[in-house]
Amino acid sequence: MAALKIEDVIYALETPYPDFDIAPGKTALILIDIQKIASPEPFVKAAIKKGLPEKEVKAAIVDYEKRFWKAVDNSAKILKACRAKGIDVVHVRLEAPTKNPLHTAKVNRKIGLIVTPASEECESLPQVKPLPDELIVNKTNGGAFSGTNLDFILRNMDIQSLILVGFLTDECVAATAYHASDIGYDVLLVRDATATHRNEAHEALIWSLDDMCLKVYTTDEVLKKLCKIKSPK
Amino acid sequence: MAALKIEDVIYALETPYPDFDIAPGKTALILIDIQKIASPEPFVKAAIKKGLPEKEVKAAIVDYEKRFWKAVDNSAKILKACRAKGIDVVHVRLEAPTKNPLHTAKVNRKIGLIVTPASEECESLPQVKPLPDELIVNKTNGGAFSGTNLDFILRNMDIQSLILVGFLTDECVAATAYHASDIGYDVLLVRDATATHRNEAHEALIWSLDDMCLKVYTTDEVLKKLCKIKSPK
Amino acid sequence: MAALKIEDVIYALETPYPDFDIAPGKTALILIDIQKIASPEPFVKAAIKKGLPEKEVKAAIVDYEKRFWKAVDNSAKILKACRAKGIDVVHVRLEAPTKNPLHTAKVNRKIGLIVTPASEECESLPQVKPLPDELIVNKTNGGAFSGTNLDFILRNMDIQSLILVGFLTDECVAATAYHASDIGYDVLLVRDATATHRNEAHEALIWSLDDMCLKVYTTDEVLKKLCKIKSPK
Amino acid sequence: MAALKIEDVIYALETPYPDFDIAPGKTALILIDIQKIASPEPFVKAAIKKGLPEKEVKAAIVDYEKRFWKAVDNSAKILKACRAKGIDVVHVRLEAPTKNPLHTAKVNRKIGLIVTPASEECESLPQVKPLPDELIVNKTNGGAFSGTNLDFILRNMDIQSLILVGFLTDECVAATAYHASDIGYDVLLVRDATATHRNEAHEALIWSLDDMCLKVYTTDEVLKKLCKIKSPK
């Protein structure tokens, strides 16, 4: 028999994080940074511009590219289902209020990440394009809660639980997930509707977050949950 | 020649997160959950109580135990150096304000983690025992910023940068690190003064955070930085 | 017929702020700064120490003293009724975490208002002494929400409405009232369970807040509302 | 000799709130709700629509109208001077993110105050029209800090002090002033660049706030302070 691993001890001790209902008026879908600037294209272009060999760069990101576009498709499926069932939708995006660098949060200003307002790079990807009257919350930092009034908006809507999708797992998504669960939201993170450059980092974070402060499900599992909700008239 | 990996592309593109000064009056050392409840002992006891074989449990956590106590020792060294140089110190601890479960944050209440006030398990480990007039900030959730007035206190002290040590890398430390950098603090995370159960999770998070939203250093590197500061009279 | 006054125009236009239910598990009583430092005694002592004539000082504060102690008695009555009905109680008090002035908020530090921890002046007045397991939230600034984790605690308890009593109407009470209603709480301010030095300032604020962002009631009216709640077994 | 009044005792005891420097890069001018919806016109129109006699309504608001437009002119003068000296400017305005009532904060939703996005009523008055690249922060509640990311933006700009102008003294301005000083900003409130319906309420609040948690100055005094700042090249 194989020896006990620390994971086994953790699993044995853990009170699993309890499941919760998804319901219109109580749940919101939060789409995080599903926009041009997060997609692999500008990443490849920048690398080539820096002098890295195009062929090798493209080879290096093949796996990430696949996971990224799969996550976009999955996010789009969940978005469609949420809209059909009357689940509220919030599009969180990187976009500065002005082009003045001082109006971008220090954390991104320091690494030169200023996302010019109304620029192409801050547009939502076409797969998840906001409808009129869907909320758009702009941010200039990582976590969707720490630099915006997202929490204020959600609690004034009486939202209690969140479905999180988007990018990158170990940056904005992780920051948002930790914060959301910490302030009392029931959080559902969709494993294959999020991704990051290195898959090891993605997997490690999913492992850490799951059943510690939130529930992790696949897109298929979430779609099944959404399917059970009665459609609004 | 080995093919380019995605890490190489990221490294080539990255504007590294800039370094910053550590200085008395500007920097605070934040010790996160370095307390009995976070130590391996109660973990082992609980596992044995659950019926897991003692010998195997102990074997399974040998590596974690080593990393945990090393991180405690390193935190104690940094604490000593910070005190000597007049760097402000804040002890953040899991401790409920009362034993009423409703007074513990939902995120921990849901998994049954109620840390009784003034109990043995909420005491700081002896290696990092607070001195009189050092700040103690209690929390009942994960991140040190989202459920406390820590940010309020620090900004009223004009603190601009933080040294983070403590436990667990992928839970309270990560939540605190993402949040701190997001709201504008310069953050230094001490790689070997923090740990978590699975070392892969520790390493993955350090990799993700480093140069994305904060600086990662070793205890030795931090001690060298502290050493250069002129001692107060 | 008397000419129309601007008040009449406002009243005619106003959609009155709607009433709301008070209920155990949903409502919390917030006692603000009902502690020795807020009482008239230290005020008189300080004035005499400054060289003001004792007799005149005492005459000058007669009216305030009467209103203050009436408000304390009214707060005590409401507290008793809330406890009997299982309404949650939070005691908010001025008290610094340490005697280091830097650990007091700038707003009070600037005017020299450092309330030494565990000192006599930060104790609750005997009329409203906290019971074991009642929440005590310390602050070093004015508003009970801006410098504490009070909002975090209340929302994790699923509290939706607040009864506010305490001191001073135009300082900590007003700051707390504006903030509470702004972040979404239903707020009931008890007119004669709060007071401030100048009665004109008290009356003006009550006028401004009433039906703009909260409901104002008298102690008797609140007691009647509490009386209708079924007692817990 | 006249007897001592409680005001005299307060003045004698008070450590006056200390003065502070106004400086580009450190100070921001915050214009609060200087927009069509706050002006007397819609107020008069609504009153007439409700059936109040036009002549009497107009007479009733004559005094308010005068004070309102004086405050707008004064705000415009201060804005012009701030721009000339390189002082940062933030326009805070009532404007909902969408026309869905749930996206307006409860506090205003309850009294039916939904300010339709991009409508005429949410435009800044022409006297204080924002320039391109000046920050605009929308809110759907009262205080400019509690329902927005204004604090986040200002601290990421290293702003330490605020000049407050706008409307109404005893609603959004008071809520903003209490909150700003409570979280550590040095606050300068411009007495005659703000107003509210009833002048007694205006005067009472100015009296309460002055030297308790902020400094009150007249427009002329502020212009003199601004005049002394060296113009940027």
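As written, the chain order gives the labels A, B, C and D, with residue 1 at the start of each chain.
We adopt the following convention: a contact is a pair of C-beta atoms (placed from the backbone, for glycine too) under 8 Å apart; a residue touches a chain by one contact, two chains touch by 3 or more.
Note that this is a predicted model, so its numbers are computed, not measured.
S.K.: By label order, what chains touch chain A and chain B together?
M.R.: C, D
S.K.: Looking at C-alpha means, what's the farthest chain from chain D?
M.R.: B
S.K.: Which chain pair shares more contacting C-beta pairs: B-C, or B-D?
M.R.: Per the contact counts, B-C leads.
S.K.: Per the centroid of Cα atoms for each chain, what is the distance between chain C and chain D, given in Å?
M.R.: 25
S.K.: Just curious, how far off is chain C from chain B if you go by their C-alpha centres, in Å?
M.R.: Result: the chain centres lie 37 Å from each other.
S.K.: Please compute the C-alpha centroid of chain B, do the same for chain D, then give the distance between them in whole Å.
M.R.: Roughly 41 Å, centre to centre.
S.K.: By the touch rule stated above, which residues of chain B touch at least two different other chains?
M.R.: Expected reply: 105-106, 146-147, 152, 156, 183-184.
S.K.: Looking at which chains touch which, would you call it a line, ring, star, complete or other?
M.R.: Basically all the chains touch each other, so complete.
S.K.: Over in the complex, which chain D residues touch chain B? Could you list them?
M.R.: Going by the criterion above, the answer is residues 152, 155-156, 183-184.
S.K.: Report the residues of chain A in contact with chain D in the complex, numbered from low to high.
M.R.: It is residues 88, 97-100, 102-106, 109, 132-136, 140, 146-149, 152-153, 156-157 of chain A that touch chain D.
S.K.: For the complex, give me every residue of chain C touching chain D.
M.R.: Within the complex, chain C touches chain D at residues 3-10, 12-18, 43, 46-47, 50, 52-53, 56-57, 59-61, 63-64, 105-107, 110-112, 141-143, 146-147, 170-171, 174-175, 178-179, 181-184, 196-198, 200-201, 203-205, 207-208, 212-213.
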